[in-house]
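To start, I am sharing the structure in question, which I have written as structure tokens.
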Amino acid sequence: ENCGHISISAHVMRLGDPVTASCTVTQSCSHLDPEPQILWKLGAELLQHRGRQQSHPDGSQKSTITLPHLNSTHTFLLCYLNWSNSLQLLDQAELWAGYPPAMPSNLSCLMNLTSNSLICQWEPGPDTHLPTNFTLKSFKSRGDCQTQEDPIKDCVPAAGQSSCSIPRKHLLLYQNMVIWVQAENALGTSLSPQLCLDPMDVVKLEPPTLMALDPNPEMALPQPDCLWLRWEPWKPSIYMDQKCELRYRPQLREASWAQVAPLPSSTTRYELCGLRPATTYALQMRCIRWPLPGHWSTWSPSLELQTT
Amino acid sequence: ENCGHISISAHVMRLGDPVTASCTVTQSCSHLDPEPQILWKLGAELLQHRGRQQSHPDGSQKSTITLPHLNSTHTFLLCYLNWSNSLQLLDQAELWAGYPPAMPSNLSCLMNLTSNSLICQWEPGPDTHLPTNFTLKSFKSRGDCQTQEDPIKDCVPAAGQSSCSIPRKHLLLYQNMVIWVQAENALGTSLSPQLCLDPMDVVKLEPPTLMALDPNPEMALPQPDCLWLRWEPWKPSIYMDQKCELRYRPQLREASWAQVAPLPSSTTRYELCGLRPATTYALQMRCIRWPLPGHWSTWSPSLELQTT
Amino acid sequence: PLPLPRSFVLKCLEQARRVQAEAVEMQQKLCATYRLCHPEELTLLGHSLSIPWVPLKGCSSQDLQPTRCLRQLQAGLVLYRGLLRALVGISPELSPTVDTLQLDVADFATTIWQQMEDLGTAPAVQPTPGTMLTFTSAFQRQAVGAMVASQLQCFLELAYRALRYLRGP
């Protein structure tokens, strides 16, 4: 039969909140000493004269203690019996203190065409000091996301991660869906603002591949101030209409980029003129899904070509 | 309902063996042409005039073909109907040819004290050209392995691997066990010779750690022809009695190793004398479980010390 | 003419190109893995297994009827989704392609269905994929896969032309 038992207001509380606990020592345990002294420790610290001790008709003893502010995020409250001058541990209660989760913020998502999944990430907010579960929740919708169609399976991030990847089979492409993050711990739950997006409108494009193009063979003498280049859109996005931007600069110190007006992705060759003869130029290109919405890819690695 | 159907002696055979197959074209399919011509292809090659074609009472047509030697390890046998001058594919049979597995050889095992598992490897033998499964089988035994105690769960190697790791929980340490490899494919099964070993007798030791030792402070002047060193056995093997060997050589070209008689692992300090003064020496040590059986560790990385 | 939002037509064009590319990939894999490289050799087998051919009469360039074309396109996509569903688990090499293709065909059908609903031109009853095909051999399933991949490309070619016409200049 249990010698002593702690009962406590809560094992998890807000940092700085009070704690009330009582430790009941059964009669069988305290028979050796008519007036057994019950002592408390918080972690390693002995709490001198803090418990109000009473005897109960059934012969048991009960000590009650209140800690005004619990300031450590994880500690133990221990109940001892002073038994012929040796402290005997009867029971201990594990205590956690922290904060309810703040509202997750900066939720953003990108559709990865290689893994064919929608990857969302967010800011988790300040440390709550408590085990806090984040879940990426979503449902299929239509139009401007005012209606809820089929729910989508919760996306549970890997431990400690503030991102989650919704697999293709849970997505309905080319339709809007509603996405948000839920943060939950023992002290409460909080939800991020909702996003309304079509996964295909947040595709993460990789840059195109730039290649030199031999000048037109019919041309007797290639113009000295021109460069000829061609490019291939990133393969997984080849079915998307895109527009691309080309920028170039001579390999001279402090030379700044000059940019060519957007080029539709259907044309994959370009003649760049008006350049300095006998000069090496660095060329870069980036593309974006267009006219449908999308994100610009990063600039491609530089292609270096020299005018004649 | 099925238009045509191939039935074949076997889908998997020994390389060079004959193959007999028949293709039956149902009456419903051949109704368009009273004498439908059945043709065969092996891979892309049309087998001219090779099938014996017969009509059956039920109106179906059957062509039978025999290929004396199948010489490709993976191909298709196709049955066509010449249907108003267009070859119509009715059925195809996938064929594999190869060899029964040779006996796996050179089975050897090492007990890894870090992963606490018994890792065995073997030579799979020549390519059989067929999907071949290797399984490491074993059972607990006693004495000289003449009796079979508890069986041990089969260890299935990762695809294409010729090694397998038996986890600690399946092992009975300090007792002999019987281990062998089984190779199996569609053409047969073969077993390697059996090993009889105690996992602890095949421990793979890592070398000890060699460190310089400051000469004995009481000594007025450290002898010029001596070096002082100490070592620590490899931590996971610290509970094992071991003996160790020390070798040393001066940092001179073509200097060969000299070796000190085995040192019991209980002594972890050593004074090496009889050396050349003012010379840098490379020292290495290796250890082996002793007097119980074991394998020598590799030599430790060199410790370089200079005599005064 | 049907008041079709430009973004809807642009999305359909993109989805058609996307599904087309995947159908080509499926065909290439069937050719590489099972040497089923000539769909024209499978006509007789297709008849015997009664593989449905999906007409797009409302989408012909001579006589384009937008409402009818969209309905036939949507019904055809639902039918192809059913055919693709019968091919699930066809083989480890092909399964990823078939799974993605099936999802993309289904999403394309949903895009059109929801637009028809928004326009009030959707048929009273959603078309269904019909009874699931069954096969008596692995070869039949592979051969049907080759037929579906080939026919789906012709189907999408027709649809693409009609959608481009609907997109206008």
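To keep things simple, chains are lettered A, B and C as they appear, and every chain counts its residues starting from 1.
Convention: contacts are C-beta pairs under 8 Å (C-beta built on N, C-alpha and C of every residue); 3 or more make two chains touch, one makes a residue touch a chain.
Please read these numbers as outputs of a predicted model, since none were measured by experiment.
Contact topology of the protein chains: linear, an open path with no closing contact.
Each chain's centre was taken as the mean of its CA atoms, and the one lying most distant from chain C is B.
Centrality by C-alpha centroid: the chain sitting nearest the overall protein C-alpha mean is A. Here the spacing of chain B and chain C, counted between their Cα centres, is 47 Å.
One inter-chain figure worth recording: chain A and chain C are separated by 38 Å, centre to centre, where each centre is the mean of the chain's CA atoms. Chain A and chain B, compared by their mean Cα positions, are separated by 42 Å.
Of all residues in chain C, none touches two or more other chains. In chain A, no residue touches at least two other chains. On the chain C side of its complex with chain A, the touching residues are 7, 10-11, 13-15, 17-18, 20-21, 99-100, 103-104, 107-108, 110-111, 114, 118.
By the touch rule above, chain A contacts chain C in their complex via residues 116, 142-143, 168-169, 172-175, 200, 238-241, 291-292.
Of all the residues in chain C, the ones that touch chain B in their complex are 34-36, 38, 40-45, 48, 136-137, 139-140, 143.
The touching residues of chain B, when paired with chain C in their complex, are 1-3, 5, 28-29, 43-44, 76, 78, 80-81, 83, 86-94.
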